[in-house]
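Quick notes on the structure that follows.
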Amino acid sequence: MKGVFFVAKGVVHEHDQNLNVREIIQEKKKTKSFNNYTEKFIPKILFGIAAISVFTTIGIVLTLLTETIAFFKDVPFIDFFTGTKLKPLGENAVFGVLPLLTGTLISTAIAMLVAIPVGLMTAVFLSEYASEKTRRLLKPILEILAGIPTIVYGFFAFTFVTPLLRSFIPGLEPTNILSPGIVMGIMIIPMVASLSEDAMSSVPNSMREGALALGATKLEVTWKVVIPAAISGIIASFVLGISRAIGETMIVTIASGSSKNFTFDVTQSMQTMTAYIVEVTGGEAAAGTTLYYSLYAVAMTLFVFTLIMNMVAQYISRKFREEY
Amino acid sequence: MSVVTDKSNASVKDTQNSAKEDTKKVVYETKDLNLWYGEGHALKNINLAINENEVTAIIGPSGCGKSTYIKTLNRMVELVPTVKISGEILYRGRNILEKSYQVEDLRTSVGMVFQKPNPFPKSIYDNIAYGPKIHGIRDKKILDEIVEKSLRGAAIWDDVKDRLNQNAYGLSGGQQQRVCIARALAIEPDVILMDEPTSALDPISTLKVEELVQELKKDYSIIIVTHNMQQAARISDKTAFFLNGEVIEFAETDKIFSNPSDKRTEDYITGRFG
Amino acid sequence: MSVVTDKSNASVKDTQNSAKEDTKKVVYETKDLNLWYGEGHALKNINLAINENEVTAIIGPSGCGKSTYIKTLNRMVELVPTVKISGEILYRGRNILEKSYQVEDLRTSVGMVFQKPNPFPKSIYDNIAYGPKIHGIRDKKILDEIVEKSLRGAAIWDDVKDRLNQNAYGLSGGQQQRVCIARALAIEPDVILMDEPTSALDPISTLKVEELVQELKKDYSIIIVTHNMQQAARISDKTAFFLNGEVIEFAETDKIFSNPSDKRTEDYITGRFG
Amino acid sequence: MKYVDSTQVQKKMGSRLMANNLAKTLFFLSTLFGLLVLVVLIYRVLKDGLPWIDIDFLMNRLSTDPERAGIWGAITGTLWLMVVVAPVTMLLGIGTAIYLEEYATKGRISSFIKTNISNLAGVPSVVFGILGLTVFARTLDLGSVVLAGGLTMALLVLPVVVVASQEAIRAVPQFLREASYGMGATKWQTIKNVVLPAALPGILTGVILALSRAIGETAPLVVIGIPALLIPIPDGIFDKFTILPVQIYYWTIDSALVAEYANLAAATIVILLLVLFVMNSIAILIRNKFQKRY
Amino acid sequence: AACGGGDNEGGNGEELEGSVVIDGSGTVYPFMARMAENYMGEQENVSVEVSRSGTSAGFKKFLAEDGTDYNDASRQIKDEEKAKAEELGIEVQEMKVALDGITIVINKDNDWATELTEQEVKDIFLASAGKKKWSDVRADFPNEEIKTYGPNENHGTYEFMFETILEEQDLPEDINLQQDYSTLVDLVSKDKNAIGFFGYGYYESNKDKLSAVKVDFGNGPVEPSLDTIKEDGDYAPFTRPVFTYLNVNNAKEKPQVLDYAIYTMNNAQDVAKETGFAPLSDEDVQASLDTLNGLKK
């Protein structure tokens, strides 16, 4: 061993005289023009890649827009948005989007009726009441809930929640908007809870202390100080939740049937915009028909709705960040 | 170490005796108070008696436990989950460290003003009305009166009377701090705790708050933590000098600053450390 | 202010003249260098000439522009987007501030060691081989030799020879810093810039690095920023004193520490400020 | 002159404290509600599905006969889908993140791209399905094959990878970059040799999370048009395919016809949740293992 | 998708590869799905995919460039569909595969409408008859709203109802039309006042959830069953043949497509019985087989 080591050392020593790294590098430098090319082109390539996300948006807007325009050549704009009757198939097809809009809005409303109170209360518990240990235990569990695929929630709504609800709401149709609405709400709870909790946790402790020092109870601190201070973050979480509910597809597709009822009775089957898209693409979607174009008109409506919601949420939370 | 402890205890006893000679009533009496943050022993054998209608200053170098002590007096220190406390703190004769003592009651009688002004992100009016409201006062007229009285009491009424409905964060730091003091006054506390109330303020605002403290002592008992020895000398009646979680000396402010009995107090006051 | 500038310029000229009397060659010549971070004027009219195979120390109070200056010498300062520079820095006679000057070439000749040891989160071997590799040396044998030679050069070979494949973050701070020096040596630079290389190290590691610097000066020109005046006195041949972005005095280290020509230098050295 | 009557305050205190305790209980129960749903959901799924899971269920092809039906086709379909999604989304996601963090000057273009990405993250998945149907399946005439589905899915999960990679790259300390530049390295050499390796754990975590999102998505693929019965096992990216969630979908709606299909759906859910659980655990492991290295 | 090589021999027993794409009738779907599954048991390398967007929707996909190979249908091809095929140059071969009876289904708890006359059935599904409540149909029926269900306009079954049974008169406004038969089965099985219609197969495999109405065509109530839904059976008025349509161009190009057709006809009778259809007569099968064999080179 020792011998080998010495030999190695000897070699290094020998090379010490003739190993001139500086020279080698100078030598290599002459052939390095390739490097210059990479330096120049890599940023351009990366810019191109980054632009793909923009092209995706443009792609979405363009596909939706061209076919939507075609649709409005067949069906007047006003009729579409004020029509209470949707009968897309058959000889006398009628395209009124209101049944889908009410379906979407009602399911969203039900979902938010579940998600907002439960999500907010969960957020309050985690941010204001729970000990660090409890919080660290409960948060990951909520995250699991957020990671469950929507199809699983759909299955749950259809095979468990609907039968359960029917056992004490006699008038409830086998497919109805209530059950998927509730399940959608459950799905959104983690989102509302975690975003609201972030907002509340970022309220400085000094404000809590200020209130506690006046003899306020935790509830009073939460209700009158923390929530008002975090309100924009909390509202942003609600808006994102709404956007999520509007865009949710599989739960309503499975559990709310495909009746295009124009009604406000939550025990009835209703169709949402998303479920309509699934139904139409799953059935006939031969290009060129009004039915085919209606797909895009509905998708466009959906896209605009969620886009507005997302922009609103971004705007609110950006304002929120400037507050303190 | 133990020698040091003995010494300081001795001096504390001295001062307690002298305090008893006063005709004034004691509001807070701290007996053998020890406090740990987890393993860290932050307060060691504190014994102090604090009088009514006086300004008591607490001084000492950074980390000596001043904030911890003052936060123990309204049990705010319990917000830190790892805190352990032993000993007694008698407030108006009752041990506030007993489980059965409602912190909310305690804090209703003992107001607190913090180092950094911490108004709520609400209107000035709502800031002041917050305390009375949570304690059940709903009558708009009474609230109006309380707000005015408290703001006057905190010498800020003239600055803000025309913009009571504006957000308190629009005020300057000094004004914010006086709003916070007004907020504490609004529930008419018995004692006011102040943790370096002027350290975030400019000299002029500081002066105003100091004047205010002098004024307030007529109606309230005030315990004030300060880094600024001149301030302690200017405004307080008694001064406690803390070091490493212990009370080294507690006496009339005059005495502390002119003729401290402990060498360490002297060193600190003359700026030899801290 | 303008008076002050005149003075310092005068003294700089003095020292430059004396530097020219040396037989040593100048590696870096800074002429009327000015640098702004956005609106902040961080370097003002710097004129300095730095010799080959010497250790030049740069001292001065915090924020005076030491780091800024040394980072300008290898144009690292340009990583801050708001930087604006005027003047000239001649390295081996060529102005490195010209657009046409390839920063990569410059930095290949001018190594740098930073305040906080900053090895890559890779094996020790890969840390040292990084430089040669990016400059196109792929031959494993040559790399092996370079690694050994550089680690020996940085007086760390014996500490790490048995664990070349372990992550460099497993080493102590002092060892990490010497690995960083070895990393700089691996591409056989001409000049080595060191920005407070020992300020994050314990006294023993500091001593080792100081010895190393003395050793390295045989083969390299070294410019070292230090907060520690004793260190500057111990290891440097020349010393430049910076204040508020200006060079107040630049001379033989002995002279600076025994007989400074500027009052402010004297004040600083004797600890009257800074 | 006292406004605050301390006996009044005392009286009120009891009810205020009670309200606080009630609220606390309510908030706690709310938190438990989510937990409860999770337990019920998993219990139901296990109860219905577990007895049906055996090696045959995993390895058999699809069949109309519930006794013979298996999910091998859906499993391989899912794997093939990942073969497309993983590289595409990594290339696009990491590339975009590098551009935004390392090259883009903080100006209009980069903030436009950023806004665009966060909006893209909020576009309903079914709309991506329409994009995939129109562009990949029809205009590029790929049909409803793995490639079309994969590209659609890759765009859908792109924001997840971009945001995670951006965070990971931002977390690489500046001093490592400086060290590299100090050696005469070029920008790209620095990114390639120092920044990316250091950011890799964070990026990988993001990629795994994105893939697990893709594995669970149903709507876009239903829209692209996966047939209700597709028995052959796909063996390339130009084959038609089905994936686990789509299989769950068809079995769930067909459970009205054949009750056992509900069990098959539940069994498939168990497998899907298991896969997701494993993937998320790996992501958490990576995150924990490589946290705070410098 | 891949297509067969130069070997155009086709026929049973030979190793084939490639794909066969089938869409169309949801009624025929169970039959075709079973058939495809069996076929793939024998031809491991052929991929047969079966979808069920409905007869009419299926025809749209069938009659397109690069359209599907087969379209299942629960009604005959229409004239306009034939014209479209001609326009595209697609040669279409009709293959009758089985017989089906439109089955009128009601909820298990419905104990009043178990037997109805043909006219009563029609009235229930005719908008013009105005039968809103069960008591409108017969006075002794409950005074409750009738809930009508059926497949939507994508489906041949809907068109058979509309064109043949109701003679092109409108169905009720509020009829609940669904895309998926599974949804229909589910809805009717959970709604006491429901009455719906679809192919016999869906009734047969859900006998435990639904009841079938015995229809009186004039000679007493007839229960739909494999015996009665023959072309000359007692249930004949509601009986219809079901088909699959073959794209002959594709069959000529891809041996597996033609092979599948022959396989289908060879096994039609067995699979029909298994999946709730009345089998064809031997002559019908033979006629189809002859035609198909003629397509072979």
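By letter and in written order, the chains are A, B, C, D and E; residue numbering begins at 1 in each of them.
What we mean here is this: a residue touches a chain if its C-beta (ideal position, glycine included) is under 8 Å from a C-beta of that chain, and two chains touch if they have at least 3 such contacts.
Please read all numbers here as calculations on a predicted model, not as lab measurements.
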| item | value |
| --- | --- |
| Chain labels contacting chain A and also chain B | D |
| Of A-C and C-D, whichever chain pair has more C-beta contact pairs | C-D |
| Centroid comparison with chain C (C-alpha atoms), farthest chain | E |
| Distance between the centres, which are taken as Cα means, of chain E and chain C, whole angstrom | 86 |
| For chain B paired with chain D, centre-to-centre distance based on mean C-alpha positions, whole Å | 53 |
| Between chain D and chain A, distance of the C-alpha-averaged centres to the nearest whole Å | 11 |
| Computed distance of Cα centres, chain E from chain D, in Å | 40 |
| Interface hub residues of chain E, defined as touching at least two other chains | 183, 186, 189 |
| Residues within chain D bordering two or more other chains | 16-17, 186, 189, 225, 253, 255 |
| Residues of chain C touching at least two other chains | 105, 108, 135, 187 |
| Listing of all chain pairs that touch each other, if any do | A-B, A-C, A-D, A-E, B-D, C-D, D-E |
| Chain A contact footprint on chain B (complex, rising order) | 74, 76, 79, 81, 104-109, 111-112, 114, 116, 118-122, 130-131, 133-135, 169, 180, 183-184, 187 |
| Chain A-facing residues of chain C, complex | 105, 108, 132, 135-137, 142, 145-146, 148-149, 186-188, 190 |
| Contact set on chain D toward chain A in their complex | 16-17, 19-20, 23-24, 26-28, 30-31, 33-35, 37-38, 40-41, 44-45, 48, 91-92, 95-96, 98-100, 103-104, 112-113, 115-131, 133-135, 138, 155, 158-159, 162, 186-189, 212, 215-219, 222-225, 245, 248-249, 252-253, 255, 262, 265-266, 269, 272-273, 276, 280 |
| Chain A - residues contacting chain D, complex | 35, 38-39, 42-43, 45-47, 49-54, 56-57, 59-60, 63-64, 67, 117-118, 121-122, 124-126, 129-130, 138, 141-142, 144-145, 147-152, 154-156, 158-160, 186, 189-190, 193, 217-220, 240, 243-244, 246-250, 253-254, 274, 277-278, 281-282, 285, 287, 295-296, 299, 302-303, 306-307, 309-311, 314 |
| Sites on chain A touched by chain B in the complex | 131-132, 204-217, 220, 224-225, 228-229, 323-324 |
